[in-house]
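Chain naming follows the written order as A, B, C and D, and within any one chain the residues start at number 1.
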């Protein structure tokens, strides 16, 4: 049953070194504030799962907190490559990074299978592709009815899934709107779920009957962190900070620049800085 | 009107789309081409982005695959598992767009690594949706600028299957869809030979010479029997495309101005 | 691409004797008007698919239009048995009925697999149950990762799926709200989709971004039939006519009573009678 | 206060539910028991109906599994495939309720046919959600009135697996959940023997005699070492249950009055 906690406690009590953790959010609602808190708390040796690693994993990898990453597209969307992740893979800096690579279709369906309590997902995928040659986690089965060969991947079942959402109500139920990504599936597939939200509202009365809502009893911990998805966005609250994504190309290109940026903006940052960052965007846009 | 080779590429790709197509759009050049088509000859075109947005009609080009603009203008937004299961794997997409770091003459694509997979010279982003876009869409269109590093004799890694080693390779691999039917570059339009499935030049963009096409291609270029010259961009095509790009640039320079206004009206 | 047609043409042009047809709608939005039109048009030898056959299939079966039925729960919910269906199974009246029987979980996941373009669904089901002994369409596979035995059923892919929905917009996109059942899956799994709706609206602007909407290009035909789900209900329009469900127990208990009821209320009824039936309920409730 | 055996059965079942339980509710007696629990000692109880409604709190009992009242009062309503995949199969339900046409001493249940499957004497509705409710919920409670036709030596058809032929049958069948842990009848409360898994009487409802229990049971009844007498219904339990039943009856007699009023306010 969801408890309301401050972010420091929500992270501190629910994560351990070596955990398999999924931070999900597909462009919309990426949980940056929670990732930065994990970096500040010194958690390490993580196995990260995420379809689109994005800046959030570039930062964790560049800080040496990641042992392994399961992913399907490691880019800065619309901008280019993830340079800290490349440095880890190509040069082992600051530590080598083990990769477990899939396609989007495979990962989406593996999360779905995890949420559905199944040990694997079967799908029509990877035909003719080389990934099954380098990822032993991809197997094939034969449909017992049609005889067709279908791909199979093990379901994804993280120790911990962290998501950012628009709203929680006072009971601790959580509402997600807009691009839903794989958040519901990643949450239901995990043993433990931590959610950061923009705000708490009295109730969800008036919300659409088929809206995406995670009941309080599927969640361990909720923290109110306005702006907590910056520089990604929160549909209905603030827009994607595309300038920050473009700027990351420069910051992440150089190890020293990266480290000093992280020092200033993450390690020495106030956990409540996200609201201010969004406020600053709001003022500069006015 | 004068035009750039990139504009020609985008416009040629836009023209290949029909009003009743359902397109799985990629970011970058495909997004520009698909929205241009929607704003010109194909107003009924259905755009689907892998973020789950179905039937989007953005006024500016999204930087990422899931910008808020896509949801705001979509008919509906579904979860990503549903997108890949019901919509892509379900066989409902008529055209999928793919980009490539490397492509070979049979349309096999690499966006994974340069060099050895386990000790790569360059680690690229990986496949994303591409491996299944390549096999689940009724057909795929590839857009890329030509270069010797891009159009190669053999790709280092088959991220997305095209026509394999040619001929009946797709059927033999148990794939029922057509695969790459069009390669649109900054220099030419390529189509697969009906038998060998090798990409051959079917039209050359205005002002481009054969030597330019060969210099920027890693395999010996072959030509269709009757090679056409691509119709140059019309004034309408150019104006609509440039307007779209200008709006997009302006929006990225002040990404929050208009959105914050919107927020104020809904959350006030 | 969806065409707007009157119900007579929508049915006449899209169904043939011998078709495999799914009428879906889970308590909410059961497409009665379309079923009655099919009865009037004399279509027969149908293979019907539906999780909960309900009165709608009792009527089709009792009129002798059904060769085979694939189902998972054949009852009058909260009232009792389906007496026309029982008469066909136990006594072959008015003709024998072939049954293909599943559990809800199997059928829901088989529709889902059909929508997902897969030849089969795998799930954790039927453990210890007798149904696999009498339904050769249930097989088992071994998970290539965990070694667990999982049930497999062929996906459901009807020739035609018929649903009732609240609204279409002028482009022919269709909105479903409230209890969603398996309508989206049944529609996307079918080769052809016919929809009856309560009303046509100009656009869906203002509808929730994650609402359940079927795009016009997934649908063949749309007919405006207000009240077309009576005696089931249309969330937001009218309520379930529980009295009619209770009354069905009496009507369906006797072959002659059933036939005369069908004569009066279906065969000789005006296709537009549904709106009047709901209006009558409305007046009597006022 | 005087009470009926059916009231006793419903109240005994309600008492077995805890505040933090997540219950997969069936129609009829289980629905009354679950809502009674929610309205008395377990206000936090989460009710899930297989129609996809999660966290419902109806003021009257639904006639069917998917009445509008369930959506109107639900936290959210999901599709039926999602209900069976993410919520039931996903192992998120702590208690599932089952009814039965026939049950044997090991909690195996038949709701499919009386007689031979292919030439049945009576064709019953079938399994619905039951086969997987029986194996996916952490535990199941069975509610039924006792009769020789219902409590039988051997069920004609195993619609839903209980404890098979007893002992470790569930583990041997690869099932990790507890299965039937409680059989609540109009006469008694039965629990499985810890070893043999045979249902034995653990409590007898007030005023019921042992011969009555045996007369309405098709197998030789066994009793726990210390058989208790079920606590009679409290005044609160009876009043809340009777209020609920009275509201339900009134609503069914005029099913549309209140709903039409609601419609007028939203669609006006």
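Observations, loosely collected:
In the analysis below, a contact is a pair of C-beta atoms (placed from the backbone, for glycine too) under 8 Å apart; a residue touches a chain by one contact, two chains touch by 3 or more.
Remember, it's a predicted structure, so these values are computed and weren't measured experimentally.
Listed by label, the chains touching chain A and chain D alike are C. Shared contact partners of chain A and chain B, listed by label: C.
Averaging C-alpha coordinates per chain and comparing to chain D, the farthest chain turns out to be B. In terms of C-beta pairs in contact, C-D outnumbers the other of C-D and B-C.
Chain geometry summary: the mean Cα position of chain C and that of chain D are 27 Å apart. Centre-to-centre spacing of chain B and chain D amounts to 55 Å, using the average Cα coordinate of each chain. Per-chain Cα centroids separate chain B from chain C by 40 Å.
Shown for chain A are the residues that touch two or more other chains, namely 112, 116-118, 123-124, 148, 178, 180, 184-185, 209-212, 235.
Residues of chain D found to touch two or more other chains are 71, 77-78, 85, 89, 136.
Chain pairs that touch, as defined above: A-B, A-C, A-D, B-C, C-D. Against chain B, the residues of chain C that register as touching in their complex are 1, 112, 115-118, 173, 184-185, 188, 204, 209-213, 215, 217-218.
Those residues of chain A whose C-beta lies close enough to touch chain C in the complex are 116-120, 122-124, 139-141, 143-146, 148, 150, 152, 154, 177-178, 180, 208-212, 235. Of all residues in chain D, only 20, 22, 46, 54-55, 71-72, 74-78, 85-86, 89-92, 136 touch chain A in the complex they form. In the complex of the two chains, the chain A residues touching chain B come out as 26-28, 51-52, 71-75, 77-79, 81-82, 85-86, 89-90, 101, 103-105, 108-109, 111-112, 123-131, 134, 148-149, 178-182, 184-185, 212, 233, 235-243, 245-246, 281-282, 284-286.
For chain B in complex with chain A, the residues that touch the partner chain are 27-28, 50-53, 62-68, 70-71, 77-81, 83-85, 88-89, 112, 117-118, 120-132, 134-136, 157-161, 164, 169-170, 173-175, 252-257, 259-260, 263, 266-267.
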